[in-house]
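The next part holds the structures, each set out as structure tokens.
Each of the next two complexes has chain A plus one other chain: chain B in the first, chain C in the second.
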Partner chain A sequence: MIPYDTKFQELSSRLKLASGTSRTSVASGCDLFVRFITLRSKSLEEDVWDSKNFDNLKNHLVERGKHFMKRLSGSRKSIAQLAYPFIMDGVTVLTTSMSRVVMEILAKAHEKCKKFKVLVTISEPDKRGHRMVKELRSRDITAMPILDSSIGFVMERVDFVLVGAEGVVENGGLINYIGTYPVAVMARSLNKPFYVAVESFKFYRMYPLRQTDLPNESKYLSEDEAEHPVVDYTPPQYINKLFTDLGVLTPSAVSDELMKLYI
Partner chain B sequence: MENFIKHIKFFISERNPEDNQKDMKDGIMEECDRYFKESIYLAAEAISELATKRIEDGDTILIFNRSQLVVKILLDAHNAGKKFRVMVTDSRPDLRGILACERLTAAGIPVSYIYINSVTYAMTEVTKVLLAAEALLANGYVIGPVGTGMISLVANTYNIPVIVCCETYKFSERVQTDSILFNELADPCDILSNVRSDVAWQNHPNLHLVNLVFDATPPKFISIVITEVAELPCSSAPVILRKQLNTCY
Partner chain C sequence: LSSGINAEWPLRPGEEFNTYLKNKTLRRPSYVIVTKTVAVLRELVVSSTWHHPTDLIRILKLYARYLPLKQSNETVVSNIVRRVLKIVREECSPTEGNAGLSVFFKKDSPKSSVETGDQNELKENICAGIEELEREVENSKNSIIKMALEHITDEVILTYGYSITVRDFLLHGHRKRNFRLVVCESGPSLKGHQMARECAEGGLDTTLIADSAAFAMIHIVNKIIIGTHTIMADGALRALNGTHQLALAAKHYAVPVIVCAALYKLSPTHLCSYDHDAFNKVIGPEMMVPFRNANLHSRVLVSNPEFDYVPGDLVELYITNIGGHAPSYFYRIVSELYHFKDFDLDSETSHDDT
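Moving on, here comes the complex of A and B:
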């Protein structure tokens, strides 16, 4: 298994380097993928692992890989199914940057004929919030871009905050595009619920205690440390619920799920 | 102790009742030795490995009282070449922090020594707090020597991460939300040492001397618990307990 292990590590590193700002989610996805396909379950598969037949083993790995990908591609839909009841008629939702999971949830709620409004922070430096607004408007959802600096101003009108994630760490904390942490602190300060919509493959085995504990590859796109970071870390005490394909979880349950996977 | 006794009872129940007495005794002694080796010595090594990664150059680490595990972690980090200083907090009547001071200064680590009364002042210079636990309860509360709760509270106010190191054999199914339930009282006369007063403190009708041994720290003040199995948030203690129970029953 050892040559395969190094090959997987090599492929994971190449993917991470190529993935731009999504490095954290690619890293966690790769780790879980490798873990999933090499998982040995007791009953049937003993002969597959113990036999000297390489083709059998290869087929087995490919099968499990396909199974993993199937679960992954269905995860956004199952999250939308779980989360759309939280969007009631007349609410104002605040979201940050561009998240396809959040888009799926809002689209599902709209499909079920709920009337709601979405405020999207522009999310400097690459202003990806504009893309989110454009997508939402193309689906006939009322969306408005707001300045990152005006979250204090709008928060009193917001009913809840719903964001996506780059990664979720062991203590249930959130790694997301820069600007998410201040929104969380603001929401907590005005007692507005803060929800995170995230696929379970983004659960990452990392435990940061402060912003500086995030690895440099996640924070900066290039080697230049004078650059602005692209992600920030939101501690779990600011997060109310996480909508995942494993169910609606509290931040403390994330650790439970990760331990089931890794220990 | 609770977990060790459960483990040994389970081990005994699994043994063949036909075995002769000598074999049985030898088996139990061997299992005790194995348990101590794995749950205490090797666990300390594993925790030290994980904890030393959290210590960075330039850190000021605050520790409380004397804990063999915490002192071991600091010595290992120092031997690994990390440059940091330690603030040893101590409290009466035991003043056990002095022992920690001795061991750390002997190794060449810069140490400051303070009484727990000045911890709010000292906390402005501290970057991390490293504590050991006597027990970790099922609801996430950490039982430690009295004073631990106060230090965690102050650290939390200044947004300083509190790292608790605890071997898994110390995890307990008990649930407790305050320090008064299930505590121990040490000799009240210990408080009286060095007290200069004309009043006769012993047997005074209005005076009740309380020398508590432990206190309970709520999980919201603790940033991370490092065990030999994993690094986890306090609230996930039940997960480890569940795994332990599964292997026992």
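Moving on, here comes the complex of A and C:
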């Protein structure tokens, strides 16, 4: 089993390098994928693993891979199904950067004929918030870009904050594009709910206590540490609920889910 | 009703229960409703014709949609239906367990893991499960009040509203502990009056205060013990109107708030909006403005909401029939008591059951 294992490691690290700012989610997705396709279950598949027939084994792995992909691609839809009731008529939602899960939730709510407004932080440095606004407007959802520095000004008008995630760590904390942490602190200080929409493959086995505990390859795009970081860590006490394909979870439930997987 | 059920739909026990729920003039403690619900569901399992557990699941879900749950606002009925559904699902496929990240690791298992041959055995097992649930419900109050001596010492306790569980909890504590009880009158329903009267009759040293006096009194109170209507999935409360203010006052003085509630009150639902659209119910204003005075207030909108949302972080401890828990632990209990497919009983995809 050793040769293919290193092959996977190689592929994982190449994917991670290539994925730019989404390094954390790619890392956790890869880990989960490798675990999934190599899992030996005691029941039906003993003969496949034990037999000398390599083609059988190969087909089995490919099939498992496809199954994994099927589960993943359904996850955004199930999250949207779960989360859209939280968007009521007349609410103002604040979101940061560009998240396809959040996009799916807002699109679903719009489809169900709810009237709401979305404020999107521009999210320096690469200003990806503008892409989110464009995408929302193309679906006829009222969206407005706001400066990152004006979240304090805007927060009193907002009903709740809904963000996506690069990764969710073991204590239920959030790793997301830089600028999410100040929004969370601001929301907590004005008692606005802070919701995270995230697929379960992004649950990562890491327990950061501070910003510096995040691994450097997640934070910085290049080896040069003088550069600005691309992600930040939001501690779990600022998060109210997580909308995942496993259901609506509180931050304390995340570690339970991770434990169930690895034990 | 849908055409998915066969002709022998046992409407009679269901109909009586339906009428019972619709009757809002009866004052019904949750415990009574729960025992009735379990009986009706057991009747349904025994007398309806089903060949495969998935049919039974469909019947139960359709029955739940037929009941006037939204009007009567009795979440305990939906909770019991979910418990029974979990019992049935467990008999159907015992290895399935709950959704978790491990869902990635399970291939779609074949539908019939149970032969239809031993259907009688299955029925017996399900009925045994329901009987166990009945026993749990019967003993829930006793399990809670037994813990009174651990949580009450010689102190001043504040309570709000009327709860049979809390009343018996306090009376049980009174056997060996010497404490003073302060009861808030809990306007506008004034349920606190009944609580104060019954506790005083039980021998407790009781003081009745107005709700507006609660903040002033709290600094001499050592703990607050309250009941609740429902426990939400994140450990929050749906309690009597006015509880949130009391909990905030308690937080200000760092007084712990303890909630005594049985687990049939735990509902796997979340609060979707602070406007309480689906969460709260506005009841008749006659408690606030008697009908004879209606003329004086003819231009005024009198609003009398029934419930209050109390976030989980304001509650220190929940005393349930399975022991004491922190609010943050309820996600775990929810995943153990209910199956994730039953969280949303209203969903139209109730035929997608395996």
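Worth pointing out:
The rule is short, and it goes like this: the second predicted complex is superposed on the first by the 263 of 263 C-alpha atoms of A that agree within 3 Å, B and C clash if a C-alpha of one lies under 4 Å from a C-alpha of the other, contacts with A are read in each partner's own complex, and residues count from 1 in each chain.
Convention: a residue touches a chain if its C-beta (ideal position, glycine included) is under 8 Å from a C-beta of that chain, and two chains touch if they have at least 3 such contacts.
This structure is a prediction, so every number in the text was calculated from the model and none was measured.
Aligning the two structures on chain A places chain B and chain C next to each other without any clash.
Counting the residues of chain A that each partner touches, chain B and chain C differ, and the larger count belongs to C.
When the shared chain is aligned, chain C comes close enough to touch A:F203, but chain B does not.
In the superposition on chain A, A:S99 contacts neither chain B nor chain C. Measuring from the middle, so to speak, at the Cα centre of chain A, the directions to chain B and chain C differ by 70 degrees in steps of 10. When the two structures are aligned on the shared chain, A:V91 is found in touch with chain C, with no touch to chain B.
Contact with chain B, but none with chain C, is seen for A:E170 once the two complexes are overlaid on the shared chain. When the two complexes are overlaid on their common chain A, residue A:F36 makes contact with chain C while staying clear of chain B. With both structures placed on the common chain, the touch criterion links A:P236 to chain B but leaves chain C unconnected. By the document's definition of touching, both partners, chain B and chain C, reach A:S252.
Once you line the two complexes up on chain A, you'll see the smallest CA to CA distance from chain B to chain C is 6 Å. Taken together, the two structures place residues 252, 256 of chain A in contact with chain B in one case and with chain C in the other. Touching chain A in their complex are the following residues of chain B: 54, 161, 163, 220, 223-224, 229-233, 235-236, 239, 243. On the side of chain C, the complex with chain A involves touching residues 99-105, 107, 233-235, 270, 272-275, 277, 328-329, 331-332, 335, 340, 343.
Against chain B, the residues of chain A that register as touching in their complex are 170-172, 207, 209-210, 236-237, 251-252, 255-256, 259, 262-263.
Of all residues in chain A, those touching chain C in their complex are 32, 35-36, 39, 41, 67-68, 71, 85-86, 88, 91, 159, 193, 200-201, 203, 241, 246-250, 252-253, 256-258, 260-261.
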